[in-house]
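Presented sequentially are two complexes of chain A, the first with chain B as partner and the second with chain C.
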Partner chain A sequence: MNINRLIALSKSVQFGKILTSNARHATKEVTLPHRTIRTHARNLAYAKDLFLGKVNKAECFPYPEIGNEELEEINSFVAPVEKFFTEEVDSKRIDHEAKIPPETLNGLKELGLFGIQVPEEYGGLGLSNTMYARLGEIISLDGSIAVTLAAHQAIGLKGILIAGSEEQKAKYLPKLASGEHVAAFCLTEPGSGSDAASIQTKATLSEDRKTYLLNGSKIWISNGGFADLMTVFARTEVVGEDGVKKDKITAFIVERAFGGITSGKPEDKLGIRGSNTCEVSFDNCPVPVENVIGEVGGGFKVAMNILNSGRFSMGSAGSGMIKKLIEMTAEYAGSRKQFGKNLSEFGMIQEKFAVMAQNAFVMESMAYLTAGMMDRPGVPDCSLEAAMVKVFSSEGGWICVSEALQVLGGLGYTKNYPYERYLRDCRILLIFEGTNEILRMYIALTGMQYAGKILTGKIKEMKKGNVGVAFEMLGRKLGDALGRKVDLGLTGMDGVVHPGLADSAKKLEQNVAHFGSTVENLLYRYGKTIVEEQLILKRVADVLINLYAMTAVLSRSSRSISIGLRNHDHEVILYYTITILLIYNSPENQDENIKKIAREVLEKRTYVCSHPLDRTF
Partner chain B sequence: MSPASVFVCLSLTLLSDYPVIRVKPDNSGVVTDGVKHSMNPFCEIAVEEAVKLKEKKFIKEVVAVSCGPTQVTETIRTALAMGCDRGIHVEVSGKDYEAMGPLQIAKIFAALAKKEEASLVILGKQAIDDDCNQTGQMTAALLDWPQGTFASEVTIDGEKVKVVREIDGGLETIKISMPAVLTADLRLNTPRYATLPNIMKAKKKKIANMKPADLGVDMVSRVEVLRVDEPPTRLAGVKVETVDDLVAKLKANGTI
Partner chain C sequence: MNCARCLLRLQSVGFLAPSVRAAVQHAALLQPATALSQITAHNTCGQALRRFHGSPGCYKSQPVPTDPGEEHEDRIKKDKSLITHDDLFERVAREAKTKATFNRVVDVFSKRDIRRRGHVEFIYAALKKMPEFGVERDLTVYNKLLDVFPKEVFVPRNFIQRMFNHYPRQQECGVQLLEQMENYGIMPNVESKVLIVQIFGDKSHPMRKYQRIMYWFPKFKHANPFPVPLQLPEDPVDLARLSLNRIANDLDAKVTVYQMPCTDISESGEEITFPHVVGIQSPDQMELLAKHNPNRPVFVEGPFPLWLRKICVYYYILRADPLPPEEKVEESYDPERCFDYPLQLDLDLDRDMGDDDSFDVEDVDEGPVFAMCMTSQGDQATLNQWISGLQETNPTLGRVPTLFRLEAGPRELQGVADPGPGYREEGEEEAETDIVVEEEHQCSQGVKQ
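This part shows the complex of A and B:
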């Protein structure tokens, strides 16, 4: 995600002045700077309304469910994939040799894991986002394989899938789905990482206007060493409506067979060592004009859509990994004795298990809530939610892996146990797919842009003489000042939350309302310059992530209690502990709950809660 | 004349590497609720062998059969994904399922094999949760068919089947005429993975549903489980300095 674009977006919103005075002041018109892409928000699902202090409850309540048939199907897929990963994947060897053995790769191709979301008519499995997330839980058991597969299908071929023409899909998807051709995503350059819009690779149109010649180099390209097909982003000259020539980004499907492509040697990385990462250089590589994805000049939008659509699966992948870690560490904690007691009897060790269980719970809830939203008809834009899932899951995962390693102590630090490998593999999660810093900026600014637009819309109304709006805003401000109770519809007569959770739901509503007015105040105070205030924006993003996590957890627990999922009482304890952590922000003592959670987890030596997709009927 | 259909009879078992299997508090059995279940590994080998025989064109059709609650259909689907043509699910649930043992299952399989005129019935040699090792043998006896158990190699030779059996002393090769019952042992083959595309194709294959009563089988058990206990927890060992000490300890223990 790119700062320049964010700045441009926020500049395109007109910020107004404080309503009680200066209503007659003209709001400044802002001319857009040269190199901007204006994307309109197509129906941002749930999070945007949080910035206005509103809960769009229809989006998140009830928790998304899949039909019985789909659940059966997904369970039938899980078994063979799990079997394959436990029997055929030697993660230690992959990490040590820094490559995935061809037999393993072939096994994955035969299993069908290279075309999970490719439609059936092109030879793929055509699975929904929810199913993809479910499979992601198992694939994440080996980091290198997970990244190789993700680079291939979550971003490598996604461009063709979401923005390609019928001819392009028919030509390329079948071989990609079977794994005969492997894909890669080429956006990042030595000088352009987070600042993706500043890439310099050029694509010049030939004299006969039939071919583009690609020149430039890309770095950090996963699968770059052996990919047969790449989605490459380059600058093309575009003549605007005003006749002015601009350099805009275009997305291309580039086959290695076109020639002029060289791959550098594989990078020697800290983690995910089995995944191939290298430099890819283009030297007058000829690309036919039919291989442009979408419109010429529309490449940046394509890139952002591709990246946004794959992010949410990090939540389920992370939770899958943590659940595995809980199992492994619980075994150890239950057998290792010191001071005459099992490790599992010590409070600080118990706390670690509670932390791991909580994180897994939240990550699962958020991931499947987001996947469920994305699977709704109408292609909702869940980029904000997906970004939040990514930030939470990457950081939560990093903490949990570290804690798991700590339980094993010195043993965890050695290569004889997989914990150090999980740690090294996990570190990349905070960096790739959009660094967490950039995503926080994106989360905060997209929301504030939306809120700002609504605000200025209201101010415009007032200027037109719509007194009703003025009174409404005044009334709200007064109400807030007098401590009026907040009711956003989560509880009560038409409440969507289980009555047992009504208290914390009310608290969530209060927090959302408070957040809304805080955002409003920030906009009044800073206006456009809010963009420069990264530390404030970081806090805004953190609050939003917590609110979304809270929503996901509330929705999921509500459903579990309502339908009586197995172990839902354990879930409720988890839920309350998380709530107090995320929302109440009170120094309330959590020790009892922590011990309860840890006790159940350690007794059963596994993560206890039912899967959010499970049904009881 | 190539045999028409082969029945592969599957068992759904508790996953053996689940962390901790617990005995129910009332000692009536083992906790199965919430424990992962999957196809018995020996049954997987049986399915693989049947599908291989079909691929070599020795048989025309492979039917996967299993008895149990609705969960069992998943197992049959896996068998279909591995290459079986159709499935039969004999529904047994609740109390009947808990009391169900090799004899009842054998009766069901025998009745089905007769009804569908199977030429071969292949099963796994034993289920890994109860280790009974009886169903195949009982089925053969009920049908009065020859049996080739603990098979590590199966070849069809005209109307007969040559079976290499793993026995305590080594390997025994027998020739039996069809129709026959075979049980698969570990080294018979390496089962293939049910690939996801095959699983999707298998969704279109049919699984017929029936009850034991439809086959005229009475499910009453002749065996009553009195008690189930966990094995005694391993006690710590004791180190001794000399052989004399060891002998003295063993004598005091009552062991010698």
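This part shows the complex of A and C:
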């Protein structure tokens, strides 16, 4: 199933084959005009440059790593959390009773998991994005807990963290980090999902101009039943620059203690049943003016930033879940006998394990690459990458859980095994934090906007009939058709890829170049009306996700070989099979590699690759 | 399969009963005696039939009237034959024109003469009388008529017969029968096929006709995306409901009955009939109406005809003029509209000409239609009732000036069915008036060779 999906995707990525080499100078001509852009785009993230047919290799190569002290630090956090999740969390009970027991919550609080990213001065753990991702791997073992924690810190208190004033931080963060207060994020309304214009909740300023009165109701609020603190978005009247009164969205910190807040009955959900989701309504709830996050009327930006920054951790969560599934399923496949053979000896079962290992590998690579990019100094905009990680890992997770369940056959379908719970729990990944459809639009349109800005002048010249530009285009097309070699600098003299992987790095370069010209072509054809072409945008997003996944995998395995991580040969095989699925529609038969991957996984009954954060020295 | 088995059985019967065949042959020999009357009767029936391209030899075998005396005699005979068959129907018709009586006539004819003398004329006459008896859409009756043809006689028995037009008049008659079925949209069944094979053989013209019908009819059966039900409701309110839903073509649209038809006796003892008023409006239309500028009038227009099979009904609409270009407000783009992705790109590039397929001749700016209604009485008073009913759900309508632009409307349409203009007073016409249009069954080409 996954293979099908990958093949389908890879078809969309399938580009013309490059046959021979010529016109090396042509390449230089192509890259020359872009050089100016690269200079002032120092802190541009990787994905946007792909739209221009360029590889911003400084961003992705070498694969980001953390220092030895940090690694020790994170390992010291991971061990007790892992112990807690394996020994004290009873996921079956949580799912059955639709409630996380208080002792479990207390345990989480004691471990500091309610303030992973809150700076230490406010009593949090103060961990980086990379370390947050690492913890996410373990937390995801129980969907309900993962969602409760994510609602609390990935979106609930994020507003205070990124846009709050010092006073607000000092007042609220310590209690939030300790878990004394639980946060929630209130944006969605019955008539408004992504549409800001249909937000109905209103905040009206009182006559003494000291408090706002909140009125309205919000739905599907995670933790809404017991949250003590909420980030609420409401309309406020703002006088614009031209003196016209306008309704704009403002973010508020609302304490339950302010009064006038009622929570509805918890929703009865398909999965993540232990998490609390309900309606929250505000009836003349008084909020002091100092509780406005950012400026009045600036809520839209706050909401967007919170949403965009919360997504990257889903990649590591997905891989953590799949790794666990591989262990559980491998045990069954190794012990169940049919016709005198273990299940693990059957090719079709082996293929399922290969699929799971591949997906976990890609997700892990993407998640830590993105987390590493986000942890760089400066304010890199990684929302595009984060969205890609979310889309890929939610879909991959869904497929892998279903494959794991399939290995067990009918047993997997019963409640005696946890697979059905995993299946139900992970279905939400495709829906929340922006549905995958909306994220695909975001991915494609953000890139198109970026590329469009830069290419507008050129395309206009071409449409005007500028012979020079037209000839340049024609020459490039001709070059492509004749099989000009693309060199984007991944390999060769100042290459960043291990020579052993140079072949497929070349393929990646060709694909990126072709993607660039496709984008240019699309902009030429549709201009700004590309917004209407959702199916084209979907393909663009899929291609981009594949290219990013490919880069992540390439970068990671290149590092693994270079520094000699344990089992890096396994990574290389994984890398090859993934390349062939993601990048070019190859007639090569992958059976041997698939069997090899599965054999290693099934022999050890675990996911064999070493962790991307591991170091050898 | 069933059909094939029937045919097989048939053939075996044919082989097993040579005596029958002999008898039929004998009958065929006697044919010339009646042939004359048949031809002439047929020619003067007023049916312009296309003949098959028969070989001249074929025609030669037919007796052709040569001298005037004979012609005179023909006329008498012809008249006789016509009278005979039409008369049969006429006589029965005096009691009741039903399927049963029609069948009885056919039975009487079939039993009267074992040789079925004059069956071609009879079938022609019967075909003509079918609508009168209301059996023009009844497949069993057509099969019964087909059954009137003597079996086996017209089946060619050697290659020469097969090559030339064997018994052309009988074949033509068979084709005519199928043609009438086609015109009424009746699809023959296996029984018809078996009968045709029995009568004319499996490569005859009627068989070809049958095959063509069976080729095209299933293809066209669901060609109409908006099929009209075969049985239209009798009740005018139900009919209005159906037709309004048909016009609106919007599943969200809601039909409201503003007034049920009823009769009341006033104090002065006069009988007052209240016409039915049924309207339809969709949520989109309500939204449009709510947005309508109250300074611009809305119009009640009509009546407009709507044909449902043979019934014509009339409807009225509530509409406004299209907005003049200066009043059109482009919805401005709010960059803070969508939390997740840009709804518009900030680019100075438009769609390329090659991909610009926005031009559409059907996209004419006609102004919005806010609601539609049907009533049996299209005067202003009745329509006012509809408008006041609409005001309950559309409060804006109370503030908008409403103009009635009603036309005399259906009069000229009525002219088709009823001779003389002014047959009905304006506003008195009934929406559910049945106008039965003589479906002109032109004799289209019987067989395309």
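Structural remarks
Please note the rule applied: the second predicted complex is superposed on the first by the 543 of 617 C-alpha atoms of A that agree within 3 Å, B and C clash if a C-alpha of one lies under 4 Å from a C-alpha of the other, contacts with A are read in each partner's own complex, and residues count from 1 in each chain.
By our rule, contacts are C-beta pairs under 8 Å (C-beta built on N, C-alpha and C of every residue); 3 or more make two chains touch, one makes a residue touch a chain.
Only a predicted model underlies this, so the values are computations on that prediction, with no experimental measurement involved.
Partners chain B and chain C fit side by side in the overlay (superposition on chain A). Using the contact criterion defined above for the overlaid structures, shared-chain residue A:197 touches chain C, although it does not reach chain B. In the superposition on chain A, contact of A:445 is made with chain C only, not with chain B. After overlaying the two complexes on the shared chain, residue contacts for A:249 are found with chain C alone; chain B is out of touch. When the two structures are aligned on the shared chain, A:113 is found in touch with chain B, with no touch to chain C.
If you count the residues of chain A touched by chain B and by chain C, you find the higher number for C. By the touch criterion defined above, A:475 reaches neither chain B nor chain C. In the superposed model, A:529 makes contact with chain C only, not with chain B. Judged by the touch definition given at the top, the superposed model places A:304 against chain C, while chain B stays out of reach. Contacts of A:75 after superposition on the shared chain: chain B is touched, whereas chain C is not.
Distance between chain B and chain C in the overlay is 35 Å (nearest C-alpha pair, rounded to whole angstrom). Contacts of chain A with chain B, set against its contacts with chain C after fitting on chain A, share not one residue. Those residues of chain A lying in contact with chain C across their complex are 187, 194-197, 248-249, 300, 303-304, 307, 434, 438-439, 441-442, 445-446, 448-449, 452-453, 456, 459-460, 463, 523-531.
Residues 19-20, 33-34, 38, 74, 77-78, 81, 193-197, 199-200, 203 of chain B are the ones touching chain A in the complex. If you check the complex, the residues on chain A that touch chain B are 72-73, 75-77, 79-81, 83-84, 107, 110-113, 120, 125, 327, 330-331, 566, 604-606. For chain C in complex with chain A, the touching residues are 334, 336-352, 354-355.
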